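Multiple structures are listed underneath, in structure tokens.
Presented sequentially are two complexes of chain A, the first with chain B as partner and the second with chain C.
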Partner chain A sequence: MSFEVAIAALVGLLTSPYIVMLMVIGVLVGIFMGIAPGVGGKLGLVLLIPFVYGMDPLAGAVFLLSMHAVVHTAGAVTSIVLGVPGEGATAATVLDGYAMTKKGLPGRALGASFGASLAGSISGAIFLGASLGILEPLILSFSPAEFFLLAILGITFIATLSGKSMIKGLIVGFFGLMVSFVGLDPSTGIPRFSGDLLFLWDGVDIITAILAFFAIPEMISLGVSRETFAAGVKERQNIPYSQVWQGLGDVVRHRWLVLRVSLLVAAIGVIPGLGGDAASWMAYGHTVQSSKNPETFGTGRVEGVIGAETGTCAKEGGSLLPTLFFGVPGSSGMAIMLGAFLMLGLQPGPAMLTEHLDVVWSLIWSLAVANIMCVAILLACAPWISSLAYVKTSLMVPIVLVFAILGCYIGQNAWENLVLIFFMGGLGYMFKRHDWPRAPFVIGVILGKIAEDSLLKALAIFGIEFFFRPLSLVLIAMIIGSIVFYFYRARNGKAIIAHG
Partner chain B sequence: MVEGRILIAGVMLLIFATMVGFAATYPGEARLLPLVIGIPGLVLCIIQFVIELRMKPADVEKVFTPEDRMAELKMFGWFSVFVFGIILFGFPYAAPIIVALYLHFSWGEKWYVSLGAAAFAWAVLHGIFDYVLGLPLFEGLVNQWIEGLVNQWIYG
Partner chain C sequence: MLKRLFAVALAVSFACTAQALAAPAPADANYFKGKTLTYIVATGAGGGYDTYGRLIARYMQKYLPGSRMLVRNVPGAGHIIGANTIYTARPDGLTFGMFNTGLIYNQLMGLPGIKFDLTKFSWLGKASDEIRVMVVSTKSGYKSIDDVLKVKGPVKFAAAGVGSAAYLDTRILDFILPIDIQTVTGFDGAEGELSMMRGEVVAATGIASSFDQFVKNKNGYYALVMSQIAHDTLPGVPQASQYVTDERGKRLLALLEALSDLGRLTAGPPGIPPDVLKVLRDAHEKAIKDPALIADAMKLNMPVKFGSGEFVTDRIKQALTQTPETVALLKQAAAAQ
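Coming up: the complex of A and B.
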């Protein structure tokens, strides 16, 4: 029955010229939103919602979902070619993707990224379809105690991404955590580390922090060295399609990594409130941790790109599940999507499974089909996109600087974020110059707030006994296992190093 | 002259010391995690600072020449011009002008190239962000101040 509904939904989706046209428009808008630094899927959704007023509910939902589904896929373009992440989720791709561009392999990195995005989004959609009705009891059993422990599990990846010096990595990771505490304290309401600066009461904007630690140092560095983005290559090269196909082939070669990361991240995406940014970093952390040569990550390993991009896209399927069936958004983007669904007349809840299964399958298919369209467009353009890496640095540096500064402004409409990006960007450059890893900072900023909120709630609900809940014990075992694994490998001469 | 690696370790030490100092003044739950994270962070910063102080110049992988430092200072100067120029005069006016000035004076690009890049920046800012997406661009503190003065003059 469900299989027939699934096939009928796919046929219905692909044979409706109106819906296909909306999907194409959604995909093109999503590509733009992904490439423009700081715009991202959430803002894209907000901007598109007025256009779907009065639309047929299914068409409107497919349009929005198509746009939202491809933002991360396209976001990898600037991360790989320019070293400028569009948002938190794509920042993990910078580490190895940009390093590949510097080696003169932007086409291969893009091919791997697009292939991994496609595989991730399709796996996420399959996961969502396969788990319909199965995951409800599991999702509902998650309490703040488990959220806290999941956040701690993510934070343990700081060690994995610490580079040559674990002390430096821990300092930077702890600094990220401290920065995440800036703003009003969730329990007492008093401002912490923000004084009378109202714009900091909501906390430090994550986009500002990410642009400051990744985009600004790269631009300052290029402005100082005057090299091209593809600094490791002496002369301008034409990027052949063979390089792009090689990247796609890498995805097939690393299919087990793709499968593992997809399942891990789709499952993480299901958990409401943990967020997609955390999921992509966990995917990258897992990729590094499970590699035989972790010390080479951050220097242009294609697995790094594949792991990060698979994770970024696989979580979309997972995060749609609680949004549709429980009305509980799996990520901040899905929170906006939830509002749009309600506005369109789609009432999320268990009834979606029993009464609107066709709509559910149409949405699942739209995730996969939109990504196929997006990847087809991007693959067709990949050699030209790659050649951006050889554009004169003099032209790219000021333009990217302006758009990075704009990206940190438009997120919150706060000019004060520009002052923040100035100081944090300076610090980020000093980190880059003196080999301090920058990735742990992003993990700290993203997970710190979640960890603190969840800890306070867990303590209020269960007291200290929350550590002894069955699911908590499983997660504690995973955390201990992750730390023990790190030290085991370090002891055996496989120090887990990734240059953040 | 203090080496950059010692300076950055010192800056992190100072940041953590300040944050832990502030956190200690917060009540009960508000200081719980900041202290749980901040105190080990402070200890690690002290260790790193000592490591950097004891490190011999021969152990340092990268050597920075005076020319490198001068290039960095110039780039930081331009970065501050970008940020504070935009804060004072806004994206619509400051961004294209600074792009043109940066290209001409820092990179020695010809004026037509510099002005072309500035026109591109202006077109994207206005055409896509302002016109198509309807995102209001920050107009700058000075412009807001002048606008306020003009409004006050017109409307009393």
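Coming up: the complex of A and C.
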């Protein structure tokens, strides 16, 4: 790692008015994409790629990365204030963030979220820079066997997040797994649950599935109850800055949680094959499991917001690594970013480390600088953003629904997704009505495909012996530990109540 | 007065009708003036097909004065949704686009989902070759194709999803060469290369240009080119025809080679009027041969090689004219594992 190259890249970034302007525009676009429910980072990239076509490679890459880096930070706004996630990763923030809004603490939740996002993204960027030297052995030591076991570890969090009834949580989680298997069978090419419906051959769109399970039921129940989002507080309140500062203070108070989650998630992000959404949920799951009072998660614990948001943002740094150095995306967002890099003429590969280290450092810095800009803007507007929680539902619900439905359509240009969102939205509403947890569904949908795909590859490459690889044994021990820990807690009366 | 007005109106309407019914003037480059054309790319934004598509669309617009070209991504089902969309579009010359040549396999084998007949598309032309190669990893320890052919047991190859063109190329190779290829599927993009670097698999098949960086970084080498003739761009790489001895294998190799001649194809729906199609083909040719496009493509490491619409139409027909025995062989190769 060359400090001179790193510092020179930062100076170059900040002293180029063109690049700074692009970063500011990227950040503003990213804030909009994050706040608009259903749009999110992946869709943002898809919409912006045509605009960067033909741009200078570094400028184009910095612009896209600045946008993508802040989408999760801004996405927490709708998760916290409206209970509507922008994408899979930010769904974890809904669980405690929205609960805080209902208690009349949207400002504190937002402050904690923005602080955690900033800490997470900077930690992720530092991790990225620090691991440049050991990158190749780090990435090459993880094979499909380990991806499978990491996915299983993530799936064990279904139990953790099942709420009062583990049976209900498992049913919902396995329903999510079932939905993830829709599409062409990876080993035979035969359509599963999709028949002649071509739009399902690549599987159910994850954004559609998550919006259908969170956004639609929330909007229906708000429309039916006619309450404001902050249902616990009847009168309109001007959220003072002190609430926002309190949230920032919470991040400082829980700095060790922030550090642990950042390292965990950045490391997971580096390993291509697990994906960024999974990393965020594992961050939340770890936060709940490692807490002294896990039973209170889901009712408005600020640590829930901090853990989820730190994880969501730290993974960006990690997942950029395999994308740049191996051309293998570390997350689904990076898969689109990779296409953009190729389009801009940036050739991912080991040569990036030897011949284009300045470009690599510019991209790392842009992640951190973009988040600093974003958090500054959002903190300044935090009280007004919080007051969205008090807007009449008759005004907000149609707007949110339009964005959510638009987000489902634009991603694949498939009108069939609109049918899917209504069908699954109705199902999600029934789950909410009858107090069934919905978080396990998200985990099932995100991890099911990864688990199956990795298992098939691992069996083909290593045979059943893959379970006995050294790293696999470590992960199996972690999985067993996670399950035993859950039952130990449950037996001692500290049932984990995480509503979602 | 009223009678006069009526007579004038009648005369004007007759004149308009006569104008409408008269044979239209043949289309020329100005035919598209003021019109919006849609270039459909059968993948999501970013990546090889999207980049080629945007490059071609931008330069075609230059040679269709007054026109506006929009690129629309219609991804899904391995390019089938995009190809179906192009096939069923109105044949007025305003919609055309790009999809994977590998759909030839889909049509030959009668796989489900396709609504098109590739022989009926209005082909504008091709922008590249897609020479199929076998790449072997340096980590495997095998120094050449001869070493690989000497292996007694199964040899693991990384491949894309079952049913994809790259997967079928691998299955065909297993069928025609005297080795036992165990295909490990599900590797997208460069994931197969990563797996080769880890030593999990020995080799992979694919388009030569996609392995460029991998070979330059000495992580692997071109072990075999899947053709019957040598290629200038791959000097010293043995041809598959040297190792394929039986008639069945030669027929499948000929099919592979036919596919290699067709890369980054642009097509419109069937039934585009011949004069309109000629204008589009001319614009496509000028675009591909434009020095500025070639320079842009070189910066992006994208090889460019022009082939006319007539050439593509002919080749597609040839590729799809296979004897029932060859189709049966193809199905057998695709199924075997």
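One rule holds for everything that comes next: the second predicted complex is superposed on the first by the 498 of 500 C-alpha atoms of A that agree within 3 Å, B and C clash if a C-alpha of one lies under 4 Å from a C-alpha of the other, contacts with A are read in each partner's own complex, and residues count from 1 in each chain.
Definition applied: a contact is a pair of C-beta atoms (placed from the backbone, for glycine too) under 8 Å apart; a residue touches a chain by one contact, two chains touch by 3 or more.
Computed from a predicted structure; not experimentally measured.
Participant: Fit or clash for chain B plus chain C once both are placed on chain A?
Facilitator: fit
Participant: In the overlay, answer first, second, both or neither for which of chain B and chain C A:413 touches.
Facilitator: Both partners.
Participant: Give one of first, second, both or neither to describe whether A:456 is in contact with chain B, with chain C, with both, or with none.
Facilitator: Both chain B and chain C are touched by A:456.
Participant: In the overlay, answer first, second, both or neither for which of chain B and chain C A:399 touches.
Facilitator: first
Participant: Measure off the angle at the C-alpha centre of chain A toward the C-alpha centres of chain B and chain C in the combined model, and quote it in steps of 10°.
Facilitator: Once the two structures are overlaid, it is 80 degrees.
Participant: Which partner does A:252 contact after superposing on A: first (chain B), second (chain C), both, neither?
Facilitator: A:252: touches no partner chain.
Participant: Examine A:351 and indicate which partner it touches, taking first as chain B and second as chain C; both and neither are also allowed.
Facilitator: Once the two structures are laid over each other on A, A:351 reaches chain C alone.
Participant: Does the superposition put A:167 against chain B (first), chain C (second), both, or neither?
Facilitator: Only chain B is touched by A:167; chain C is not.
Participant: Taking the superposition as given, does A:473 touch the first partner, chain B, the second, chain C, both, or neither?
Facilitator: In the superposed model, A:473 contacts neither chain B nor chain C.
Participant: In the overlaid three-chain picture, which partner chain does A:422 touch, first (chain B) or second (chain C), both, or neither?
Facilitator: Once the two structures are laid over each other on A, A:422 reaches chain B alone.
Participant: Output check: A:483 vs chain B and chain C. Expected answer is one of first, second, both, neither. What do you get?
Facilitator: neither
Participant: Between chain B and chain C, once the two complexes are placed on the common chain, what is the minimum CA to CA distance in Å?
Facilitator: Distance of closest C-alpha approach: 9 Å.
Participant: Report, in rising order, the residues of chain A that make contact with chain B in one complex and with chain C in the other.
Facilitator: 185, 187-188, 413, 456
Participant: Using the touch rule from the top, collect the residues of chain C that touch chain A in their complex.
Facilitator: 44-48, 50-51, 54, 58, 71-78, 80-81, 84, 112-113, 156, 161-163, 182, 184-187, 189-191, 193-195, 197-198, 200-201, 213-214, 217, 296, 299-301
Participant: Which residues of chain A touch chain B in the complex?
Facilitator: By the definition above, chain A touches chain B via 36, 39, 47, 165, 167-168, 170-171, 174-175, 177-178, 181, 185, 187-188, 190, 192-193, 216, 219-220, 223-225, 394-395, 397-399, 401-403, 405-406, 409-410, 413, 415, 418-419, 421-422, 425-427, 430-431, 433-436, 448, 451-452, 455-456.
Participant: For chain B, which residues are in contact with chain A within the complex?
Facilitator: 4-5, 7-8, 11-12, 15-16, 19, 22-23, 26-30, 33-34, 37-38, 40-41, 44-45, 47-48, 51, 61-62, 68, 71-72, 75-76, 78-80, 82-84, 86-87, 91, 95, 98-99, 102-103, 106-107, 109, 113, 117, 120-121, 124-125, 128-129, 133-138, 141
Participant: Under the stated contact criterion, what part of chain A meets chain C in this complex?
Facilitator: Answer in residue numbers: 45-46, 49-50, 53-54, 139-140, 143-144, 184-189, 191, 196, 198-199, 201-202, 272-273, 322, 326-329, 336-340, 342-343, 345, 347-351, 412-414, 453, 456-457, 460-462.
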